[in-house]
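Across the two complexes that follow, chain A remains constant while its partner is chain B and subsequently chain C.
Then we have the complex of A and B:
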């Protein structure tokens, strides 16, 4: 198919895909249930939120920036949606899907103005908004929690339980759509290519007259919008929310990106890689659970995975550098 | 359509201030189509500021700039590009993660509907590379490209933008002799296409070889403009420096003493093989050859920055263990690296801290730095090397290239080495400072130090060295004494590997 051919994975994504398949296979050997329709559905459902967020920050990270405020944004948005639905019992999933991204966009605009407009470092800015937004949740929520009863059944039961072909949950279906659109956009649209250029060499991007402000600003707005949508996914999965919802999960998203080959040094990586990265983390977690590994080890093993991923990248970089050097020596002769 | 000789650019009394500092006091420049125009001047004369104004990075405070008879619109790189000005910086500013075709068309990608037309971009880039006589694969990543090839990509980019005026800031500073030749061919083809090429260079032999017109700047103002036929090297140097430069290579006859460095059969298959030579007290030995011949790698291996596979290094008769710069320094070796910004200095640290860095042990009381002694050390070297700075704690970042190079030299001379290795000691610094660096290196030798010098500038090699070892593709191909050596012999050995007459 033409479209599939155009999205031909780079070797980095292809090898990650193979590693993912191996991880799924091994986990399946330990726990055969993992390979059933139920198991696949569980894996995809539990990956949806992180995968969507990973897609969301991909353009930001490609531009050599970072957005740490996303998890707080998920928390704020999820609570606001639940609050809105509790006060308006006639609201359905439609309002949720509109309000979620809107709230996220507001945070994105704030980040974008500070980073792109004032040229402040995104690490510090979004660390700041991480605390600000979480602080807002604490203040606004006033310790009020919401459960499934207060949320629209059309969101929690109808859409939340909807599964295509017995294994593809609705939320992950949306993840795939966003992944394809963003990957295609970043490969073939001018603004997408500009993103890679900006991340690859920021001063040069200014010198060739790229619209650095606009691209950077919009990347943060997009990241915010995806965080808002991820908040809806969060409600669909957990059907409850309090002021600590999704607390501290921003680094899990960054980890998924890095494992998926979206370099925090900018210039490389795709939305496809980010999603594979998220799936890989989740699969390995599933495998460890099946092996009966203590849940306390979970984060330690996540960290190990991250370091292995960055080491693999380093090895690849060194090898390709050597190859290029040899090539140059040959060309000279 | 522009015709040869049309006045493309006219700058009149252009001024620029940065805070209190005056960068341009009143610069005039006239550029015509179909000419190669050299812009000369010492570091700090204002050449870069001028280029940056034309590039749209800075805005001039006063004076007029006319472009093809119309007022030049300043203030944004994009505006400059649209007015037909392309700038190729000293460090090419490519996007290393992107393909060459993409680099050529960045910001102006050809589109089919909403989607970028990669096929067209690639074939177009390929056509441009061919036109420039350099066949590069437009699909390959820019990462790993040599500086010379990166410049070709930048020039292709300029052509694809239909630029009329192409500015090059020291394009040959990091190129080998054969690459310089290739670049000159490219420049001539640009000239034939009625483009104007403005280039900045410190290598005056190249300037006279290729340019049609020479403008010299000093202290932010234009001091002379002349057709290359109506001027000469001495006059240009006098205009640049503001006085006659007595001697470029103040060579002294030193007493040659015992062997300090002895390198035996040194091999690291990736970079060099079977390198054997020695350097004696009071002697300057030059490693000549093309960029990439493996000379810097030999120096790095001797100093212990890189490891080697076989062979040995002896200092004052004793084997020096491989792979330990600390040990090398303890045996009184100093290495002044080729890239002072990346490898030689701590750019944001003060001049004093940079100079005292390697002499720390001598300046401490019970492990703590004695600031008074650091100050004295800095002052001593400031006077000896006439380094110019306002305040000892000024970050070296703020010094000119020449003063930075002197600071690195001071740092290593302060360690009182027996063996001084200098790698491209005068790259990117102006004529007057060059002569001074030559004097300092000579002085080190006359004080009885052994000096190993790597240089790609033949006049420097011929003017300074007692013995010259030529390397080609990692092998030692020839050795000449000071008497035997000529430019032709060294080039022949460096390019063909044969020692011929």
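Then we have the complex of A and C:
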């Protein structure tokens, strides 16, 4: 109970949750199947990859950085895992869950060294690694694809199809665990608080002697590891992979974060918000599909949602700034 | 050489370094690879980099201002799709081209409005409009493509003057280059751009209308993306929604390669031209060596990393040397 109390949502997340419930309700009205066990399971399964990635980049974005290389990392890792399993038929889900994050960590280390070590702008660095990692997939894969037959049944069928209480898929269960752990960690651990301090005012964080290098570096390594794990989720959901797997999806993840209140200007946001943001995007997509909106408009809708979210974020920030200012003036008087 | 602006010394050395590097690549490529220094191949290099160059001229101002526009490739796709769509619907070609340019300009204006009037960050907003504009192009054309255009215009996009090394689009690009070069290095507008990039706050106190200035730069970046959309459409003789995917990254890496600071306030048009040509020559060299096309993605990424890490490392090294000299 104590733990639950400690993780009490902020007003921002509470209002997002309400918006999510409204969106689910409206979609349910249009398409009643959406509210059934099947519909919920579909929603959660299809959200889990993006949600996990959104949790992964939350610390990075809170520190006023960005990691655009995650989608390429998912592609590379997913292909490598499939390749490994195809060549070693006796491998089970265990090896997949070990190798995935390891590959991701390597990309994370590269990003971390360039951003934290050389103090280069993370946007450009991760754009560069986005290219390099995707290029690696192209070169290594040599246009070889893998399907469900080559992957371990214990991963695809047992774990991939596993559902708790007929509602909660195994992958989303893991997402919830990570969400709670990261939210708790970022709120109460010292290094977690440091992330907010660094993101709110990077030069000040430097001056007061926070370990900016170590925190930033580890944030990128964590984001890479989550991307590696997300690749395992990707395989569990789609059971096939080619060199263009998850191409260009980094923007969907960034959109989920921003919509979930993880500000791109750093200093605010939680993992809980990021997951709600991912669910909200998926629900709205589902709702529009139910309304008969063509799938071709999907990307336009994502973009529009992102811009609205940024604008809402800005309005809230301006309002709270004004409130704080007035409070200070009152205190002076 | 008064036309060279007195940039910060570190930058100047990076500009020269990139010119030397470009020269070295051209010499090495010509020696090791037959067919590199032929009129045909040079015309390929020019026409393969034409859209990148056109957008880069405008994006140069954007990055000097300390802003970024990631939506340029999507603007290219949307204006190209509108060109094809309106032409397929029966509009005369000149009207279709006007629509194409107008759409580009309008998209740039929307970006500028969101960034300056609503005060949103350009990085986040243009990630949003990147998805939005390409999404609209997708919604309008779907999986359709338009690939019937008048002979005159496809020849303008694709052919060279006789058998020379000059693609027909090159004179237009050179004129744009001269205009933007003069604008940056020879007019108050250019000086203001550099001033805002160094410190937007100080520029505002000095009486520069920063909001209007940024608005203008965003709008003409949209316009140039529209021009690039037109060139792209005629060069490949196709208008489709996934035209130029990922082009924004090539533009940014070429600009950074040319010694423009990602932190704003520093940059020259010479550097950008050298950066674009360097990227184009390396690409052409790899193609002629029959190096797998897939490697090129990696090379682009590495070039981008070098272009952003290079100047920082040079500056750090210089600082260290100066400190040492001070100690002695």
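Just a few scattered comments:
In this text, the second predicted complex is superposed on the first by the 325 of 333 C-alpha atoms of A that agree within 3 Å, B and C clash if a C-alpha of one lies under 4 Å from a C-alpha of the other, contacts with A are read in each partner's own complex, and residues count from 1 in each chain.
What we mean here is this: a residue touches a chain if its C-beta (ideal position, glycine included) is under 8 Å from a C-beta of that chain, and two chains touch if they have at least 3 such contacts.
This one's a predicted model, so the numbers in the text were calculated from it and none came from an experiment.
In the superposition on chain A, A:37 makes contact with neither chain B nor chain C.
When the two structures are aligned on the shared chain, A:127 is found in touch with chain C, with no touch to chain B.
Of the two partner chains placed around the shared chain by superposition, neither chain B nor chain C is touched by A:153. With both structures placed on the common chain, the touch criterion links A:310 to chain C but leaves chain B unconnected. Once chain A of one complex is fitted onto chain A of the other, the partner contacts of A:300 are limited to chain C, with no touch recorded for chain B. Using the contact criterion defined above for the overlaid structures, shared-chain residue A:119 touches chain C, although it does not reach chain B. Here chain B and chain C are compared by how many residues of chain A each touches, and C touches more.
Contact with chain C, but none with chain B, is seen for A:139 once the two complexes are overlaid on the shared chain.
In the superposition on chain A, A:251 makes contact with chain C only, while chain B stays out of contact range.
On chain A, the patch touched by chain B and the patch touched by chain C do not overlap at any residue. Listed in rising order, the residues of chain C touching chain A in the complex are 68, 114, 118-121, 123-125, 127-136, 138-139, 142-143, 241, 245, 249, 252-253, 256, 262-263, 292, 294-302, 304-305, 308-309, 312-313.
Residues 188-190, 193-194, 196-197, 199-201, 203-210, 266-268, 320-321, 324-325, 327-329, 332-333 of chain A are the ones touching chain B in the complex. Of all the residues in chain B, the ones that touch chain A in their complex are 55, 57, 76-79, 81, 87, 89, 93-98, 102, 106-107, 109, 111, 114-116, 143-144, 146, 270, 292, 473. Every residue of chain A that touches chain C in the complex is listed here, in rising order: 66, 114, 118-121, 123-125, 127-136, 138-139, 248, 251, 254-255, 258, 264-265, 294, 296-304, 306-307, 310-311, 314.
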